[in-house]
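Scrolling down, you'll hit the structures one after another.
Here subunit A shows up in two complexes: once beside subunit B, once beside subunit C.
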Partner chain A sequence: MTTLIVIDQAPYGSWSGREALDMAFSLAAFDHPAAMLFTGPGVNWLRKGQQPDGVGQKSAEKNLSAAPLFGIEALIADEHACQQYGLSESAMLPGIELASNIQNVLSSHTHVVFAG
Partner chain B sequence: MLNSLAYTLVITGAPWTSQAPQTALMFATAALSAGHRIDRVFLYGDGVHLASSLSTPPSDETHWPQQWSLFLKQHGIPATACIASALRRGLVNETEQARYELPAENLRAPFEIAGLGEWVEGNQAADRTLYFHGGG
Partner chain C sequence: MKSNSTLHILNKAPEHPRHKTCTQALTPSDTLVLIENGVLSVAGNHLDAPCKLYVLKADTDARGLEAASEDITTINYDELVQLTTKHAKIISW
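Let's turn to the complex of A and B:
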């Protein structure tokens, strides 16, 4: 049973995405399969070259690049949201799967957690 | 009872800034009276404020931390606040007070402080895990 952690809010403006990321890494650390879906403004987490120093935060980019290493099964981006936010594949971190129908992604997981 | 389920509840919304704790309490009460079980309550993010022993609402308002505390004690349900969320938001037990040399502890009984491992375990053990978010 893979748990899908969904991030649907932009990075850095609130803490909920960061805490959702901690949940995904924690599942992986306890050998529970986890995957992440980025949708809506949440796709901006996947942008290359983030510079969060300016707002006094740590970069999520490094965490996300290390996700496969820590055992997170997949990082999935909502293709439609990527188009909406002008995020091309070349501007995206490597190793991201694109999903054209997130309804399918959601329904293929029995356990779905939204960042609150 | 037929189709009796074990629930883990995760509360991420704080009392008085969100509806999450009272919705969760109403759900928990309804679930028990319908013959289901609440195995565990996990506070995460802003939800950890529910475990503060220092919250003091005006006397004509419902005291959600107190209500939750009574409910948990009455039914013997274990409840945990995530340690990382708790420390960031100024919620500490005696152990953390000593570790970080803080002037006080403010964890309301029967809440405990532990890591996300408790949540992972709760997920695994429960038939359903429900999330009560702050939204907004």
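Let's turn to the complex of A and C:
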């Protein structure tokens, strides 16, 4: 019974996405299956080449690249939102699944949690 | 810089309702600076500003973005402060 954590907010602008990430990693660390869905401005978490030194934060990109290590089952991106934000697959972190229909993703999980 | 010009500072992502309100308020003599989540407007076609447009480098760097258009000027924090001194009025959206 995989828990789906949904991030629909942009990285760095607020803490809610970061808290969702902590939740996903904590679930996985305690052997509760977890997956993550990125939609809306949230797809910007997945962009390569983030350099947040200038805003005094840690790299969301680096955090996310540790997801397989923690046992997160899947990182899923809303294809439509990626197009909206000009985010091509080559500009994205490796290992991301693209979903053309997020309704299917949402309905295939018993537990769905939104950030923020 | 005209004395009646306004500096608009936008820190909201394109989906935020205030993003639209801000862009509707722009006039050609104004200046728009995108900061924080506002810089996400440069990814994809989210912005059609009729005025001079700036983005804050620290925020585009953080998000792995580049201002692709020649119409957008990249500035640092010091230059942002300079802009605030050159406008009669500032609106932080």
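By our rule, the second predicted complex is superposed on the first by the 116 of 116 C-alpha atoms of A that agree within 3 Å, B and C clash if a C-alpha of one lies under 4 Å from a C-alpha of the other, contacts with A are read in each partner's own complex, and residues count from 1 in each chain.
Assume a contact is a pair of C-beta atoms (placed from the backbone, for glycine too) under 8 Å apart; a residue touches a chain by one contact, two chains touch by 3 or more.
The shown structure was predicted, so the numbers you read here are calculated from the model rather than taken from an experiment.
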So, after the overlay on subunit A, do subunit B and subunit C clash or fit? They fit
Which of the two partners, first being subunit B and second being subunit C, lies in contact with A:15: first, second, both, or neither?
-> first
Partner touching more residues of subunit A, subunit B vs subunit C, is chain C
Considering only touches as defined above, state whether A:32 meets subunit B (first), subunit C (second), both or neither. first
The superposition places the nearest Cα atoms of subunit B and subunit C at a distance, in Å, of 9
Listed in rising order, the residues of subunit B that touch subunit A in the complex are 12-13, 20, 44-45, 84-85, 115-117, 119-121, 123-124, 129, 131-135
In their shared complex, subunit C is touched by residues of subunit A numbered 9-13, 40-41, 44, 47-55, 57, 61, 83-87, 91
Contacts from subunit C onto subunit A in the complex sit at residues 11, 13-15, 36-37, 40, 43-46, 57-59, 61-65
The answer for subunit A against subunit B in the complex is residues 3, 15-16, 19, 22-23, 26-27, 30, 32, 111, 113-114, 116
